[in-house]
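Before anything else, here is the set of structures, which you'll find just below.
Each of the next two complexes has chain A plus one other chain: chain B in the first, chain C in the second.
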Partner chain A sequence: MFKVVNKRHFTEKCFAFSTRFSLLICASVLLFLLGSIAIQGIGAISLEFLFTPAREFGKSGGIFYQLFGSLLIVLVAALLVLPIAFGTALFRNAYNNNLAIAKIMDQSLYALNAIPSVTYGIFGLIFFVNFLGTGISWFVGSIILAIMMLPTVTLSTHQAMLAIPKIYHENAAALGLPKKEIIRRVTLPQSFHGIVTGLLISLARAIGETAPIMFIATAFSGVKVPGSLVEPVSTLPTHILELAQQSTDPQALQNAWGASLTLVTLAAIFSGFALFLRRRLTPEGHS
Partner chain B sequence: MSTLAAMPPKSAPQHGDALKAYCQISAILSVLIVALILSTLILQSGPVLSLKNSGMFSTHWNPDAGQYGMMPMVFGSVFVMIIAAIVAFPIGLMTAIYISETRSSKLRRFIKSVLELLTGIPSIVYGLIGVAYLNIWVAEAFDLQSGRIILTAGILLGIMILPTFLTLTEDAISTVPARFRENAKALGLYRHEIFKLTILPQAKSGIAGAGLLAIGRALGETMAVMLVIGSLDRLPSPLFNPLSSGQTITSKLGREVGESAFGSAHFSALVFMSLILVSITIVLTIISQYFLSRKNTYV
Partner chain C sequence: MTAEGSAPQLTLVAGSKSRSEASPSAIQIEGFSAYYGKNCIISDLSLIIPDKGVTCLLGPSGTGKSTLLRWLNRINEDTENASFAGRIKILGRDVMRDYPDVTELRREIGMVFQQPCVFPCSIYDNMLMGLRNFKLSKSETRNIIETSLKQAALWDEVANRLEAPATSLSLGQQQRLCIARALALKPKVLLFDEPTASIDPISSRVIEDLVMSLSENISIVMVTHNIAQTKRIADHVVFMCDGKIVEQGSRSHMFSLATCDKTRTYITEEFCDC
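Right, the complex of A and B next:
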């Protein structure tokens, strides 16, 4: 197979071969994943599928209320996380001089990132659903997703604030602007891109989460537009879960593929938008 | 700290204070949330820990008989994680080497953005792919009745952590300055020798961080594993038989939390398992952050 000159040469050939072979495996896995989602999904998706409610426990009909529920839960979560993430990042950058506090804040955010998604579900079930007595509620789902989004949005905002050239602050201070004016006129506009991209990236992740919301926020069937904060909704991920468990039924499986493609597309739209805005909004002079 | 922090507030104390108070409250909230989650889990673990004969270290899980043996789940989690690492690490490392060696920065950027796309696929969709394809292929390959076994879960999980491991490893390799590579090449070393002798010693802390982060993800992954592992609360026999059905901590939680009554010993046992899981993943992440920050890369 190889022209063996000596042992070193042979090892080199093996090394080169195995890196190429690994790349080939990665590429085929990638093609298979994206291809199967796209091909199976396109077969199931139509305008009618997107805009009619599910029938027969999801086997026929569409995914209208699931789509609505997913968007409702994540968009409200984004609204909830926005002020807290911004305030935390601003505190870290503008008010905190204490290195120990900064360390504690970093570690807490890393820890939040490390907590498995199913644990968030259990926490929500104990603390909100039972302890605070909300019952199964889409709004609790939003709160839990907001907590999961917090590290990403905060760190992204924080990084953007760190990247603001020092001279901007110094100039503003030299003009005699008070601190809150500096924040309003320099920090906020100059770190805006960090908030927006952080939010979009975490939205892309949050919309696909199943485990955090399946105990606390969703019901499988018979759910329409919620009339209050403490009613369940249906979401795409939990819908896929139910259908995947009836995977021997081709009709259910087909709808699961349709819902999956919708979900992946939504996530891709959010992250694509984040990439686009990162380029458009990043001010000059930033890394 | 930024220069802004060093400056004393000058005027408009009322508004400035309101803004400061808002920032402080947000910061306190985001730190307290972690504490709240952990203390909630610890408190709810109480009932099963105070049980005398909970038999947590046994291998029998039968809540109706008051047996809460967690060993099959703990073993399943570790076993699946090991298989995932075996699947993902060699392929990820070799691919990362290839990508970082290639001279085309266009190709590199393209691969990177595709990998980002892959990490965006929700785990439930991986689960669906596992159920619809992998499951059946594994059953055919090993001539089994059902492909819902530990091996399937391990492979699926390996595929899921591959993008994370690959990008972080590639970052670690790419941050090694080019002059090391060039010098080694000028000495007439082959590529595998360059990698072993100059790149690896400098990138290994980053690669270790990537690996730890990836297995942390693998341990905490729920939906995909839950759909393909077969949900059998027994230790495989023989012990390291990947072709038997099993259960991980996460798949157990996903299946049973909804069914157990709040406040019961059964529920408390599940919460305690979750607490074990959280402790492991937090420790893994903190160690991996340490490794990754040593090489000035970030997640």
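Right, the complex of A and C next:
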């Protein structure tokens, strides 16, 4: 009897140890990555680096247009995805009573989330750049990123809507509010945190994407502020790629680390803001 | 009834004359059956609820009291799988046929639920919630809000903090806010589903007094599990069991002359095996 208990005790300890060990591996990989980017990149970072254009293919000068291009492309993508994601989630929650349709919607969103990002790039190249003849265009890049962000934002909004206690809808309905007013006064304010956090998390991911926009929205050099929707921009990920290819040059390498640190910091800002807002905006009564 | 497109008018006197002359009863239910999916909860129930006064709906848990109440203002329409058959007339108007716009019905028939539920905005905005559908001037709105809060015995407690979040009120105050919110729409009938079940005894008494004073002008239907409360406030008592009405009558009848054994055991708070 005593032996059995002891044995169980031992396996439990082993299990607890192995979970801690996995955590340690995860954390150290992350720390190593972030640490090396921070240590190597911090030397390159200065206000001048952030706000002057690149020269000599990035070997000297800064990353101003890349920073601008990256922010432009993802922020416009966010604006595009916002109404569509909200509309989709709203339809799923408030208007659709058909279980089969709901299942199909959920499955398609998960499937959309699992598609490799380069596939989106190829789709954009075939459909927009070639078939519609837009040429290399930052706006097409924004559209493609918006499609990529759609599942995350929709699912996060959907979850937030699902978490609204039914009693709020019933109380609003009992006051004679028509459906669209219930959506405006109850659903929208109480699922707002879901939209915003989903958006910020997918922004953090989208800003680092290279593959989907490489062939359709970006150019490696000589790009400034676009004057129309169908001009290319330069972005941080493509810039880093370009600099990495010249990594024999210490100056280029230094700038690559600096651009990487900027990119990681931007992603961290988006994620951090998402966490902050999640805490601030989550209404009482549901977590 | 209002013309298409125009905002409905808010009459200042709760439907005392309009249609009630034709029908001395507030609510007439005929051959009413309620279902969740194929599950029949209430079958072929008929009931007349008198105009004005408090009608208490008693009965063991799972009997279908809430279900019945939730069909009176058709709030159950939004519940998945829920359906009903039969006829419900409120103040002479059929709730299905005569109210093509369900929001009109719900403004006339107020409802207060078991759990106080205020919206996460200010006290004032909570009061405003149902009033937004009416074209009212600022001062009219303020007047209605003040009157309703006074009617709900809440004005003195919130008069100087109308902009405070409604969630900062105590639970008992929140429930009175819910009542005030419903009163602002000048309902002709008020439905209460165990309004004091999640509230402390003192706040409950405040709400009971409130319900009694409101019942002079408004017909009130109240589901409750509290026999003592029924004794205190009911004018009319309906005892339900297993989706059927076992017995009904005036308070004095039900508490002293009940003819059915089931009723007597339930009312004396003994075990009821139905």
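The rule we apply is simple: the second predicted complex is superposed on the first by the 259 of 287 C-alpha atoms of A that agree within 3 Å, B and C clash if a C-alpha of one lies under 4 Å from a C-alpha of the other, contacts with A are read in each partner's own complex, and residues count from 1 in each chain.
As a convention for this text, contacts are C-beta pairs under 8 Å (C-beta built on N, C-alpha and C of every residue); 3 or more make two chains touch, one makes a residue touch a chain.
The shown structure was predicted, so the numbers you read here are calculated from the model rather than taken from an experiment.
Participant: For A:170, using the defined touch cut-off, is the partner it touches chain B, chain C, both, or neither? Pick first, second, both or neither.
Facilitator: Both partners, chain B and chain C.
Participant: Applying the document's definition of touch, where does A:208 land relative to chain B and chain C: first, second, both, or neither?
Facilitator: first
Participant: According to the stated criteria, A:178 is in contact with first (chain B), second (chain C), both, or neither; which is it?
Facilitator: both
Participant: Can A:8 be said to touch chain B (first), chain C (second), both, or neither?
Facilitator: After superposition on chain A, A:8 lies in contact with chain B alone.
Participant: Check the residue A:189 against both partner chains and state whether it touches chain B (first), chain C (second), both, or neither.
Facilitator: A:189 sits against chain C, while chain B stays out of touch.
Participant: After superposition on the shared chain, which partner residues are touched by A:46: those of chain B (first), chain C (second), both, or neither?
Facilitator: neither
Participant: Following superposition on chain A, which residues of chain A contact chain B and also contact chain C?
Facilitator: Residues 97, 169-170, 173, 176, 178 of chain A touch both chain B and chain C.
Participant: Across the complex, what residues on chain A touch chain C?
Facilitator: Residue list for chain A touching chain C: 97, 165, 167-178, 181, 185-186, 189-190, 283-284.
Participant: Report the residues of chain B in contact with chain A in the complex, numbered from low to high.
Facilitator: Residues 1-7, 9-12, 15-16, 19-20, 22-27, 29-31, 33-34, 36-37, 40-41, 44, 90-95, 97-99, 101, 113-114, 116-118, 120-129, 131-133, 159, 162, 166, 190-193, 195, 216, 219-223, 227, 250, 253-254, 257-258, 262-263, 270-271, 274, 277-278, 281-282, 284-286, 289 of chain B touch chain A in their complex.
Participant: Spell out the residues on chain A that touch chain B in their complex, using ranges where they run on.
Facilitator: 8-9, 11-12, 14-16, 18-23, 25-26, 29-30, 33-34, 36-37, 40, 83-88, 90-97, 99, 102, 104-105, 107-123, 125-127, 130-131, 147, 150, 154, 161-162, 164, 166, 169-170, 173, 176, 178-180, 182-183, 187, 204-205, 207-211, 214-215, 237, 240-241, 244-245, 247, 253, 256-257, 260, 263-264, 267-268, 271, 275
Participant: Could you list, by residue number, the parts of chain C that touch chain A in their complex?
Facilitator: Those residues of chain C that touch chain A are 73, 75, 78, 80, 103-104, 106-107, 110-111, 113, 115, 117, 119-121, 129-130, 132-133, 167, 178, 181-182, 185.
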